[in-house]
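Both complexes shown next keep subunit A, but they swap its partner, so subunit B is in the first and subunit C is in the second.
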Partner chain A sequence: MSATEIPYTVEARPDTGLNNVKIGIWLFLASEVMLFGALFASYIMLRVGAAEWPHGSHYLSVPWATLNTVVLISSSVSMVMAWASLIRKDFGKYRLYMGLTILAAFGFLGIKFIEYSSKFAHGYLPETNTFLAIYFTLTGLHGLHVIGGMLYNLYLWGPGAKMWKTNPQQFINRVEVSGLFWHFVDLVWIFLFPILYLL
Partner chain B sequence: MEETHHDDHHHEELGFWRKYVFSVDHKVIGIQYAITGLVFLFFGFCLMMLMRWQIAYPGRALPIIGGLLGDTRMPGGVMLPEFYNQLGAMHGTIMVFLGVVPLGVGGFGNFVVPLQIGAPDMAFPRLNMASYWSFLVGGVIMCLSFFAPGGAAQAGWTSYPPLSEITPVAGQVMWLVGMVFLITSSLLGSVNFIVTIIQLRAKGLSFMRLPFFVWAQFVTSFLLLLAFPPLEAAGFMQLMDRLLDTSFFLPSGLVVSGEVLAVSGGGSPILWQHLFWFLAHPEVYVLILPALGIVAEIVANNTRKPLWGYKSLVYSVIFLGFMSFVVWAHHMFITGMGTVMSAFFQTTTMIISIPSVVILTVLILSLWGGSIRFNTPMLFALAFLPMFAIGGLTGLPLGFSSTDIHLHDTYYVIGHFHYVVAPGTIFALFAGIYYWYPKATGRKMNETLGKLHFWPSFICMNLIFFPMLMQGLAGLNRRMYDGGEIYAHAQPVIHLNEVISIAAWVMALAQIFFIVNFFLSLKTGEKIGENPWRATTLEWAAPSPPPHGNFLTEPVVYRGPYEYSVPGASEDFSPQFDEAAAPNSEPVTA
Partner chain C sequence: MSHEQDIDKHVRTYIKVFGALLVLTVVTVAVSYLHLSTGAAIALALVVATVKGSLVACYFMHLLDERKLILSVLLLTVLFFFFVLIGPWATELNPIVL
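Moving on to the complex of A and B:
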């Protein structure tokens, strides 16, 4: 690795008021909005064009999904708390809240696993009909995002936390950026839940 | 290596692999992108030259090469229809996604943008490396698909379902997986470009002092960032269709080979077209904007006067970027999506032609009264202008839903968009190579060989694509295995097939001059200093080739990008980075 210094990796550029990573993550999220936006748009187009469209609750379990919504929203709260703890220089609290966020992600995936298994057990597969196809595509892609966010949080909780000693500001930035991604993943679910389960 | 002697940025010596292969330096990555892109361009061109044999001489055995391609492709040297379809689909895919975009955005963008804004590197060097490798993996998967059972994808570069869902599985799946890698690559690249341009501009380099090339890359990056994800979503859905038997794009009751397809149905082929063109129309501007940026740089440099209407250029390119997201369905006028939709999209299409014309007009008017230097980069840049104009103007009848009915899916369409991309964008990319080669290598390319490359290419390009416009107006359909031979209405224009094919093969010969020049000039080219073209933008403040970290001293910008022939200045160019070069430079605050 060379010693070329890239400016504004940690501190903000005065005239833009932002550091590189902050802009980067927002741009990435914009692209994610387009990705899920296209899938939502496809959902609408398929549903509008369908001769019949099942009510979500016919195939899916609303109670499990409601529980999952609570789990995921709570994890967003604990994610903010983790970041805020770092700002208040309380590393112990950070470990606690970040740990809770990761646990909630595990919980979400566990519940999702129960749901998927019961679909498969009933023979409800992506090929069964277009509703289930878009259900598995949307929740599957969302699930991959949960896994991705969780793994990065796990890194920040474990080995990545060493940076708190060497470069606290950069570490806080990383947690903040990871948080932004996590809130986005949460937000996608807030849209998925009603359109797939309730409508 | 030589460059380390000049290097006053302290860094430990990197090994060969880290320096030239797994490099995080934007210049190395740019050159990797450019060379890979050029190789893919050549490969895509070869596929087309094979196709042109079948179109010019349908059913005749191709000597020597035909026999080498094997019985699954060209038994006895005669091309199979399946192989013809593979060539067509892969030519389009390779030229667009593996050739022009990687060269224009990945190559020139990576190499030139950080230099032009006075940055030491891109904002995220490691993402940059990941972007290149993701691109390469995607490209290799695409090319390997020729060896898959049933061959490569054969449903056109657009991969329209239901066709793309009933062709052999392996080739199409590899196409889709390759595409996911390419989309990942362009996502990483575009985030990097935007952040770099916003954050790493040198002191004094305000947005309205950015060279137009940087503006073009900036807007291009937004298009890549926001238009590609819908195709990724569509790609996932088509993968689901092919691998998990869903029916996103398969309607109920579809009959294939006399039997109703055993799928749940209820899907929509039009949905794919919407998602595909939502990417692929902005993609047209991804192809053309870097080219416009390159031409603007070279025109200003070789007319020795400021660009006429820099601000019009900038505002036009921004407006064009926005508009390019709302014109996609003009590719779908004859799908039966309805007249209301058609009316909307033909209106937006006419609106988007305005900024395009403004940009072209600005570039042409910039020539007025200049003392033009006719060097090789300028020849290519000058040729770009009328070629792009023909491409643009021939697009108007396709943008109107009524005239499109006659022209849709004919050779006219092929002639139209190739005028934009081949003698248009690719000429601009050649111009860029001749123009920035000295910066990358420290040596100029040979002028004589450059002109020997330019003139035959220019003539052949027109001999290839102009007859296609004529064929299309006569009603000759594209994508015909026999070149349209059996159709009565095609007879008056069918002889042009041979003309076009011969012109294509002659043009291939002309590229030999370029290839020889490219390698020969590395050793024998005229050695140059920092600023061989006497240009004004920041990349010419760095040594040639620039060391790791780019600039020996931190550059500061004192004026706009194209201050040529400033009254009262001692030279006919006043570089952005040279405070004393013009009498009235604005002092930099902060």
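Moving on to the complex of A and C:
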């Protein structure tokens, strides 16, 4: 190990019994839970304090959001299948499943773009009312997470995949950690969908 | 870390969880057409979302066979999450009348 190498990227730390990558992503996800938690709390406060609160479907498209839910759940499955393919040492399948995950992310963002465009066309903006303000804040922040996860997956699908030849275990760890982030993004959407669109 | 021989079992589980998540998505949407009272609709939607979220966390994020250290970090996070969620609202429940 050279002096500049980051320690415990593959082997477990003796005191935690885990590699630092795993600990790191879970601590990051814990902070993400608090970030979204604060916004969910804001939603509750705004809704409880409002004299009137519109049903989500009054402004939003339930069919598009249902389709997006299916797209994101499918991408979670393909993400975990990409990781499983690496465990099976099948790099070709990894590329396929990771590619599908990235395509699904594009699909999700495409549908979100259609939805946002339609809102803007109707003059429904964050400034229109409190419901739309919290809708754009929550889905906008979630959308940024989708973009972030997609970009890192693109890296792991493309140039980052070279590591499979030089350090396969570290590469598997990277895919696993990216997967954990991706599943978290899916998990947040699972709650956003009913809260914003169906209630 | 899962071994190669375990992975087939894992993959079969992923497919089953995928099916369950799709069914529960249909349930989520179907329930919204039942015209339940707002309270009942919110409770039911949150229960279904929690079941879906737990499936993702337990199976896709492998929390079922994760180390205790990570589970304890998450337990603490869940605790603070509910505090953040309920705390601001709870302050309004018992106003001090002067």
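What we mean here is this: the second predicted complex is superposed on the first by the 192 of 199 C-alpha atoms of A that agree within 3 Å, B and C clash if a C-alpha of one lies under 4 Å from a C-alpha of the other, contacts with A are read in each partner's own complex, and residues count from 1 in each chain.
What we mean here is this: a contact is a pair of C-beta atoms (placed from the backbone, for glycine too) under 8 Å apart; a residue touches a chain by one contact, two chains touch by 3 or more.
These figures come from a predicted structure and were not determined experimentally.
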item: Which of subunit B and subunit C A:4 touches, first, second, both or neither; value: first
item: Contacts of A:183 with subunit B and subunit C, given as first, second, both or neither; value: second
item: First (subunit B), second (subunit C), both or neither touched by A:16; value: both
item: Partner chain in contact with A:28 - subunit B first, subunit C second, else both or neither; value: first
item: First, second, both or neither for A:199, with subunit B first and subunit C second; value: second
item: Contacts of A:44 with subunit B and subunit C, given as first, second, both or neither; value: second
item: Residues on subunit A lying within both footprints (that of subunit B and that of subunit C); value: 16, 18, 23, 27, 30, 34, 37-38, 41, 45
item: List of subunit B residues in touch with subunit A within their complex; value: 9-12, 14, 24-25, 120-125, 187, 190-192, 194-195, 198-200, 225-230, 232-234, 236-237, 240, 244-248, 252, 263-268, 271, 274-275, 278, 548-549, 590
item: Parts of subunit C lying in touch with subunit A, wherever the complex brings them together; value: 2-4, 7, 10-11, 14-15, 17-18, 21-22, 25, 28-29, 31-32, 38, 41-42, 45-46, 48-49, 52-53, 56-57, 60-61, 67, 69-70, 73-74, 76-78, 80-81, 84-85, 87-89, 92
item: Subunit A - residues contacting subunit B, complex; value: 1-9, 13-14, 16, 18-20, 23-24, 27-28, 30-32, 34-39, 41-42, 45-46, 49-51, 125-130, 133-134, 136-137, 141
item: Subunit A residues within the subunit C interface of the complex; value: 16-18, 22-23, 26-27, 30, 33-34, 37-38, 40-41, 44-45, 48, 57, 62, 66, 69-70, 73-74, 76-77, 79-81, 84, 87-89, 179-180, 183-184, 186-187, 190-191, 193-195, 198-199
